[in-house]
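What follows are several structures.
Shared between the two complexes below is subunit A, which pairs with subunit B and subunit C, respectively.
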Partner chain A sequence: MDIMSAFIRRPATASVLSLIGVLLFYFIFGGVDLEKLGGAASWLNYAARIGIVAIPVGLLMISGEIDISIGAMIPAGAMATAIISGYYGLPIIFGILGALGIGVIVGLINGVLAVRTTVPTLIITLGTLIAMQGIVLAGSVILTGNASVPLSAPDWAKTLFGQLIFGGSHQVVIIWWLAFTLLGWFILHQSRFGNWIFAMGGDKVSARNAGIPVDRFTILLFVLTATSASFVGMCHAILFNSAQVSGGMNDIFNIIASVVVGGVLLSGGFGSVPGIFIGTITFAIVNKGIDFTDIDRNWSSLIIGVMLLAAVLMNNRFRNMALNYVPRKKDKGGSAK
Partner chain B sequence: MTEKTAVLELRNVNKSFGPIDVLHDISLKVNAGEVLCLLGDNGAGKSTLIKTLAGVHKPTSGEMFMDGEKVSFERPKDAADRGIATVHQFGGTFPLMTIGRSFFVGVEPTKRIGPFRIFDRKTANETAVKAVQEFGITRIDDGDRLIGGLSGGERQSLAIARAVHFGARVLILDEPTAALGVKQASHVLRIVLEAKKRGLAVIFITHQVTHAMAVGDHFAVLIRGALAANFMRGEKSREEITDLMAGGEALADLDTEIESHMETHEGHPPPPAH
Partner chain C sequence: MEDFHMKKLSRIAASVSVAAIAACVSTAVMAANIFVVGGKPDDPFWSRVKMGAEDAGKVAEAQGGSVTWLGPQNYDNLGPDAAELIRQAIDQGADAIVGPDWVPEAMDPAFKAVVDAGIPLVIYNAGGIEAADKLGALNYVGAVDYKSGFAGGEYLGKAGHQNGACVNTLPGAANIEAFCSGFNDGLESTGGKGSVLQLPATAYGNATAVAQAVRAHLLQNPDIDAMFAIGGGDTNATVSGIAQAGKSGQVFVCGMNFDDSILDNIQQGTQACAVDQQGYQQGFFAVSILNNYVNYGVTIPTREILTGPGVVDSSNVELVIEGVKAGAR
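Then we have the complex of A and B:
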């Protein structure tokens, strides 16, 4: 009983149930070979791509803000790396620093605008999203005359960011994803800064009055989201030896969907890193796992939509249960309401 | 009352927002171990007055003293550091945080594990639960419960217990009983008295005469931003207080008193009618 109610009060519960639900669905209706799916790299690689960004985006959403410019930052990071170290042939370290630097700059712009104005961050980051799409496209065409730029990275960079591991087709970014998740978990759930993030998402004014450096933290979180996205782009450019201009719209929705499936409240103040982690896995399995089933790939959007709704409804329900949760009944009669 | 230094004193405080004058020449003393009831009609300026005390607003002119020493608050944190704690209408402002976590927002207890400093959830929960139980709210016994799951009165009690725990000397309560039923309100009133017994100065805003009469030692009535009456317990009858709270409409002479008061403040546009 107690274990059950403790389970239900966790923000990650709905994502665990979603994951089980999706696996059951694919197993029963898609005839999926679970062993084959478990050993497959495609969904794990994809989970790592969106998961690295989903962790900081989740923290940002818990703090009550949102960042959709991440969609443009993945190709921006890839392009920066490829242009600097591929087209201009500078050492790869400049490409890496360039990619991360672009993330820091865009994150700073988003963050400073967010704390200096009252414009909702959805709108602010919509602006930087579109602006960055323009910069990436125009920049690569003007500088290189092409929307696709080749790159060849030295071994050490390949080993760190763009290698296949386990002798198969798993990408090294999976390890980065695990590291990001561990770090995010520590920050949000173990350090005192996590408490600040929850407080900011609950009520910014009260958080500020309690002495929390709300503005600096908001800016920092925006820098983390944008930089994590350009980091993913950089890794991909090194892995695939090239970078292409793309809009990155799919990434935006997929990352935010993973975070929401993971139990983070869109309006802030509630969520967990284990939830985001499992939400990302769930999302990746729905998206890539369908290839391992007999189900026609064209149905995948429908399945994603239904799963998203089911997860959000469950999240709502469980959050209410957590709110109304009263511990064990008191022995004294009459105190129960 | 013997002459002792007031914990908090206002001298000739004015506050205007641009062209709108909200507070006129307020002089007021708040003593330790005393409940000051701040009364007045809607829009009289009660919230503005306490926000000025709490460092949210800066007075346009006038001075504030704590223990006889002149103070000036640039931000709410300054007031909080001096021991002025404000509890807002709905108490806990972080409905989705646990009792333990919200109790310690900004002052989280940590413990060392190896090289890491970790939020000490156990200490946080135990301290929070103990603090609120000392105020007689024994129904709160699990620090992992979410604030949003507590009743309005429990939330108020927790917020007051928190202020006392962190050494507040002045406790400001803006309509803490406004949304509460009779039983819950009496809970909160009892906690107000308990805070007073511990030597805090309490500033209590309410629209309910019964609540004011139940806990107040000292009453100050604001009418259109001016201090229209300032008296001790027992100096005025319930009816007189009720009239005053209604904005003094029933007391013609008081109205003229205010008007003459206004005239001495040349340059001020007539206050907004309510």
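Then we have the complex of A and C:
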């Protein structure tokens, strides 16, 4: 009974259950060979691509803000690396620093605008999203005359950022994703910064009155989201030996959907890193698992949409159960964490 | 606590995978499971390729095999997404793989992994026989841009319209340049001569801009009697520009690709011909070649299987309209 109550109260529980639900659905209705699916790289690679960004975006959303400029930052990171080290032929380290630098700059702009103005961050980052799309396209065409730039990275950079591991199709970014997740888990659940983030998402004014450096921390979180996105773009450019201009609109929705499937409240103040991690896996399996079924591909968007909705609804229901769960003995103030 | 749900998860996974293995063993027959990497299923062109692949797949299925279509959900990240799909096909135990070489830098390492794994590979739609040779693929199935333009020029030249202009709305794009040089060479092969009407790239997809430019060009060059357009929208705009110049019935147009309004124009005689790369054939032949190769070791010594250009004119337009209704054209 104690185990059950502890299980239900964990923020990650709902995402574990929705993951199981998704797997069962594919197994029963799609005839998926789960062993093949488990061994396949496609969903893990995809989960790593969105997961590296989903962790900081999740932290930012728990703190009550949102960043959609990440969609433009993934191609921006890729193009920065390819233009600097591919087109101009500078050493790859400059390409890497350029990609991360663009992330830091855009993150700073987002963060400073967020704390200096009262404009909702959805609108601020919508502005930087579109502006960055323009800068990336125009910049690429002006500098290289092309919207697609080849790149050949030296071995050490490939080993670190863009290699296939386990002798198959798994990408090295999976390891980076695990590292980002561990770091995010430590920040949110093991350090005092985690409590700050939850407090900021609960009520900014009280958080500031309690002495939390809300402004500086908000800016830092925006720098983290933008930089992690440009990091993913940089890894992709190195792995795929090229980068192309793209809108990245789908990445925005995929990343935010993963975070929400992982049990983070859009309004902030509630969520967990294990939840985001499992939510990302769930989203990746929903998205890529369809290829392992014998369902006609023409139906794939419908199935993905319905399954996401089901996963989020299930989450909601369990979150309510978790928040309203009253232990046997006595309610000790009902702290949500 | 952590142990608790891990245990639960692995128990479910274990019982589920036992069932999956049982299901597999019962249907284990030597047959070709063919994976086809292509465009989005809701892309009009690729839905025809998919239909061709699936129609050829009916034979594969009758022999116990299967055809699986793998397409990206969007074209935002085309090269890497397609490379991922190729690797996914390997992971899913493909007996044969079909794929287009859209972005060689991103996709070639994945194609090489297919060949290294000993899986028969056919390149289709993009890349040409050069890509198939470089990657060690069995064959290339697709159209060649230059030959598509050539077919248009030859068609109009043979019909006696020998002073041509190719409307280029995407200057600098290699495939468009190939359409236009093919068109001009096709005209010259019949004794005619061709030129190129270069428009700024902003005109692409802008019907008004293209129509006005065509009208002005025809008024300045009254002896032009043949034109070529590089896409469906541009073709309609060119026809409209000819009408605005008062030259309907004197200037004859061929264009790449077709839609309902173009077929209508061909039926009514306002457009001479449409050149098609025939996507249905690309899917159909690629799957069929691989199925026969895997099952019976049959090879096709003809290298570079051309699916286009297919010319649609008044003589076959009725049949094409039937094909459109069936989803094959």
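List of remarks:
Everything that follows uses one rule, which is that the second predicted complex is superposed on the first by the 328 of 337 C-alpha atoms of A that agree within 3 Å, B and C clash if a C-alpha of one lies under 4 Å from a C-alpha of the other, contacts with A are read in each partner's own complex, and residues count from 1 in each chain.
Heads up, the rule we're going with is that contacts are C-beta pairs under 8 Å (C-beta built on N, C-alpha and C of every residue); 3 or more make two chains touch, one makes a residue touch a chain.
The structure displayed is predicted, hence computed values, not measured ones.
On the shared subunit subunit A, the superposed partners subunit B and subunit C are arranged side by side without overlap. Partner contacting the larger number of subunit A residues, of subunit B and subunit C: C. After the superposition on chain A, the angle subunit B-subunit A-subunit C between C-alpha centres rounds to 150°, nearest 10. Legend: residue contacts after superposition of the two complexes on their common chain; A:Ile20 is shown touching subunit C, with no touch to subunit B. With both structures placed on the common chain, the touch criterion links A:Phe318 to neither subunit B nor subunit C.
Look at A:Trp196: by the touch rule set out above, it reaches subunit B but stays clear of subunit C.
Once the two complexes are overlaid on the shared chain, A:Gly38 sits against subunit C while remaining clear of subunit B. Superposition on the common chain places the nearest Cα atoms of subunit B and subunit C 16 Å from each other.
In the superposition on chain A, none of the residues of subunit A is touched both by subunit B in one structure and by subunit C in the other. Subunit C meets subunit A in the complex at residues 1, 4-5, 9, 12-13, 16-17, 19-21, 23-24, 41-42, 50, 66, 68-71, 73-74, 76-80, 83-85, 87-88, 90-93, 103, 105-106, 109, 113. On the side of subunit B, the complex with subunit A involves touching residues 76-77, 80, 88, 93-97, 101-102, 104-108, 110, 116-119, 139, 141-142, 144-146, 148-149, 151.
On the side of subunit A, the complex with subunit C involves touching residues 3, 6-7, 10, 13, 16, 20, 23-24, 27, 31-36, 38-42, 45-46, 148, 150-151, 168-169, 236, 239-242, 244, 246-251, 287-288, 291-292, 294, 297-298, 300-301.
Residue ranges on subunit A touching subunit B, taken from their complex, read 9, 186, 189-192, 194-196, 198-199, 201-203, 205-212, 265, 269-270, 319, 322-327, 330, 335, 337.
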